[in-house]
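Below you'll find a set of structures to go through.
Each of the next two complexes has chain A plus one more chain, namely chain B in the first and chain C in the second.
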Partner chain A sequence: MKIRCNREHLADRLAQAARAASTRANLQSAAHVRLTAESSEAPVELAATDLEMTLRVPLTADVEEPGSVLLPAKIAPELIRALNGETVELSAQDDGRVLVSAGSSSYTLYGLPVDEFPQLPEIDHEQVFETDSAVFADVVGRVKRAASRDESRPVLTGALVRFESDRITMAATDSYRLAVAEAPLSKAPPESIEAIIPVKALEEVVRLAGSDGKPLSVAIGEGLVTFGIDGIWLSVRRIEGQFPNFTALKPDGVEQSATIAKDELLEVVRRVGIVVRQNTPVRVELAPGQLSLQARTADVAEGAESIPVAATGTETIEIGFNHEFLRDGIESVPGDEVKLSLISSLRPALLESVDGAFWYVIMPIRI
Partner chain B sequence: MRRVVAHLDLDAFFAAVEVLENPALAGVPLVVGGDPLGRGVVATASYEARAFGIRSAMSSAEAHRRCPSAVVVRPDMARYKRHSEGLWALVRAAVPVVEQVGIDEGYLDLADIAPTAGEARRFLLALQRRIRAETGLGASFGCGTGKTVAKIASDADKPVGLVVVAAGREEEFLAPLPLRALPGIGPKADKRLQVAGLERIGQLADLDDESLRLILPGATGRDLRERARGIDPRPVVAASGPSVTIGNEETFDHDIGDPAILSEHAARMAVGATERMLKEGLVARTVTVKLRYPDFRILSRATSAGQPTGDPTEITRLAELALQRALRDRPPPIRLLGVSVSRLVKGEQLHLPLEDESA
Partner chain C sequence: MRVLVARCSIGYSGRLTTRLASGDRIIIFKDDGSVCVHGPKGFKPINYMSGPTAMTEVDGLITIRRPETGETLLIEVEQVISDDAHGLVDTAVLEREGRELELHALLERSPHLIEEGLEILERERSTDVGPVDFLAKDTEGRIVLVEVKRVKAVVAAVEQVVRYREHIEKDAAYAGARALVVAPEFAPQARKLAERRNVECVVLDVAALYAGTEHDPTLF
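What follows is the complex of A and B.
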């Protein structure tokens, strides 16, 4: 294998692919980026995997000799970025070694033999449909924080992603709160389809999509979901299992609710949060004319805030929330207003957008 | 599995520590407690002083009258705590499950290491000798199939006693003992039992259901009769792992007589305990206030909430209620105040019903 290419381009693309490489010490072979140059006609492919998520990144290069090598994921991007000169040349030596030369510099990377690289999953290109990357990124951003980080409940570490003919729905929950976002799609698959997808992979897709509205390709297969943007393919294993029936978790029998200016509420919640430590609850009291928030940490500080509101009910309900959960929920609501609905101090509370396209259930802290 | 529970009770612990710290006091009638010229009382008397009829909780003046030559030492809790820590470290190294219930007593679960009465006796004898050799302290042991029998047995042959009650012999061991030897009889129950003319543990054990209902109705009566029969299923619970109680106590520089000031201290300590509890992700149902009076006697009162709470305002309110009850039972001045939270549960943060919606 021998290629020559633009040094900056190679450094960028290597760094992009390396994001999927394994950081685990017991997976030496997966701590590499595989570079495959099939022929002088086809683009060079950079691939990396941690066995959960796989990234395939195209590279523009002149192929002098076809072949493939493994480049150490940790140092190769850094080294190539630091070299002098516009062009860099990579050529395979014996035993997995790769000679890197640019300008007057010459380095040898000790990669593993290429046949030790993990088998990568096949992408089923027949399944691929296109959708709006900006809409997809927006709904991921609204639900991702509600997902669990607790690996002992794998289903909850993912988001349920459901494509229907005219819209996308995403839901995530860590059992303390549940976020559900829905948005219309101009481009969608021919049939409804859904999968539980690790949130880490969804965040990576959002990163790849950037902000310039490139079309997003999606293929949802048996065990694998693949996303394609701008020639880069990200595949991730679907999370097996049954996602909670989230529509059944939307509270009903609301006793008291109010619609509040989101910025004002957020400002108050962030401020009162300054005096919150660990699990001390934020006490929220929704009365017919007023929403009050209160927090107190012993020996540190306490504070109280209130906002005039026009509540729909006649009751006064007091409820305690984890500060972070409350703030996440309000921040995730799209639009300028947030509707807060309460049933009682021990029942789930609902935060939602006025159009109902986003809703967030938050379980109280017993106070 | 057969239960083997031992109770360890140190002999005249405070006095024994004073002798260890000052060997000149060995063999002398020694009283640890308040000033004989003031209104203090005896916290502990050495066995030499007990020979003069001096007992714990007796007024210091009375003790002085009974034995004018007795040496009186003011208690030094920090010193006792230091000695106690060494002792319990030794015991925990020898016994897998240890439930310390005070500075000088605790229960040991011997089921795994000495499952028969004979083995228990040999084990405890060796432990008793090691305690003497390594800490200089005298310890009495009682052993049986439950905590009640073990505790009573440890008191049966003091000092340096060792009484092992074999399985099946509990009732026989307890029957002749006076009722007041049975732990867990409160003042109310005590009065009712006296009125009914009961004097011995065996008489309580022999009561039929009907008579028991008349004398001591409800669960209290049934529990006490079970214990009088030597049946006590309470497990020995090691205090390691998640905290059983969280709290702290403070000894004041000057005894405090003003209830309002005590309330302020209690509120501050309640909020502190709440914060520590919440840091551990716990909420409490019970708040306990502990008071030590100038004569070193301790009074504690507890209040419980309907549901576990992590709210500092509510914990403070419960502490205040408990404090008021304690002060009603015995007015200030107060030397030491403690506030703790217990019956701790995790999950003050409620969950969505994800798994089983019917549950």
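What follows is the complex of A and C.
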């Protein structure tokens, strides 16, 4: 294998692919990026996988000799970025090592034999449909923080992604809070389809999509979901299992609610959060004319804030929330206003956008 | 995953060289490249190699090589009893109760399980002699240092909390601090030392700590 290409381009593309490489010590071959140059006509492919998520990234290069090599994912992008010269040449040696030359620099990377690289999942191009990357990214951004980080319940580490003919719905929950976002789609699959997708992979898709509105290709297969953007393909294993029936978790029988300016509420919540420690609650009291927040950390500090509001009910309800969960919920609501609805101090509370396209259920904690 | 049950002899070279004469064995080839050889008795594998590995199989001779270390396992198959491949899926993670950090988090929310009226002031309070699990205050306003053990507390746990107390009492504001070891069980020597060093032993009711009423309520 021998290729020559623009050094910056190779460094960028290697760094992109390396994000899927494994960091686990017991999977040495997966800690590499596989570079495959099939012919001088076909684009070169960089691929990496941690066996859960796989990234395939195209590279523009002049192929002098076809072939494949494995490049160490940790150092190859950094080394190539640091080299001098506009052009870099990679050539495989007989012993599997890769000679990297640019300008007056010459380095040898000790890759592994290419046949030790894990087998990559096939992309089923027949199932691919296109959708709006900006809408997808917005919806991921609104729900991702509610997903669990606890690997003992894998279903909750993913988001349920549902495509229907005219809309996308996404839901994530860690059992203490639930975020649900809906948005209209101008492009969608011919039939409704859903999958539980690891949030880590969704965040990677959003990162790849960037902000320039390129179309997003999606294929939801039996065990695998694939996203394609700008020639880059990300495949990830679907999380198997039953996602909680999230529509049944939306509270009803609201006793007291108020619509509050989001920026003002967020400012107050962030400020009162300064005196909160991880497990101490923020006390929220919603009365007919006022929303009050209080927090106290024993022997450190305490504080209270209030905002005038026009509440819909006559009750005064006092409730405790985890500060981080409350702040996440408010920050995730789109638009300028947040509607807060309470039933009682022991029942879940609801934060939602005025148009109802986003809602966030949060369990109270004892105060 | 492939499960091969076969009469075979096995040679290993790597950290040492071993030779296992002919016998009936279960050989498991896992999808991540790990290989385990089990005999008819015992729970431990006779031979094993963690993945990734590279495998070749020619005329009943299976060669498994671990490139990372250069170890090689040679299996000479004399008679195949069964040879099956299975597509197995298992995403579950072994859940263990009682991890120390989890215990800390639960105790922070329910300090009354250590002592009625106890107020946690700080978790993982750092000192020059290490972090103390909880810095707390009792109902009389005295400072309480709490060391939590998830299994049986031994002498070292008592010595640990004594060191914290000696250190923290250098600050006059903390004079007269109480020292507690909290654990589900105590070694007799630990109890004796605790008595001599004026350290209180609190037996932790783990079941109560994990009982649903002590957790924050969840949506489902």
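Methods note: the second predicted complex is superposed on the first by the 367 of 367 C-alpha atoms of A that agree within 3 Å, B and C clash if a C-alpha of one lies under 4 Å from a C-alpha of the other, contacts with A are read in each partner's own complex, and residues count from 1 in each chain.
What we mean here is this: a residue touches a chain if its C-beta (ideal position, glycine included) is under 8 Å from a C-beta of that chain, and two chains touch if they have at least 3 such contacts.
Worth saying up front: this structure is predicted, and the values here are computed from it rather than measured.
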Simultaneous placement of chain C and chain B on chain A, clash or fit: clash
Chain B versus chain C as contact partner of A:361, first or second or both or neither: both
Which superposed partner A:296 touches (first chain B, second chain C, both, neither): first
Partner chain in contact with A:128 - chain B first, chain C second, else both or neither: neither
Chain B versus chain C as contact partner of A:185, first or second or both or neither: neither
First, second, both or neither for A:249, with chain B first and chain C second: both
Touched partner set for A:99, first chain B, second chain C, both or neither: neither
Chain B versus chain C as contact partner of A:176, first or second or both or neither: both
Contacts of A:348 with chain B and chain C, given as first, second, both or neither: both
Among 274-282, 292-300, 310-318 or 328-336 on chain B, the segment whose C-alpha atoms clash with chain C after superposition: 274-282
Contact residues of chain A, present in both the chain B and the chain C interface: 173, 175-178, 244, 249, 279, 298-299, 322, 346, 348, 361, 363-366
Complex contact set, residues of chain A against chain B: 156, 173, 175-178, 244-245, 248-249, 277-281, 283, 296-299, 320, 322, 346, 348, 361, 363-367
Contact set on chain C toward chain A in their complex: 32, 50-52, 54, 67-68, 89, 91-93, 95, 105, 108-109, 119-121, 137, 216-220
List of chain A residues in touch with chain C within their complex: 26-30, 51, 112-113, 115-116, 118, 151-152, 154, 173, 175-178, 239-241, 244, 249, 279, 298-300, 322, 346, 348, 361, 363-366
In the complex with chain A, residue positions of chain B that touch it: 271-272, 274-275, 278-279, 281, 283, 307-314, 348-354, 357
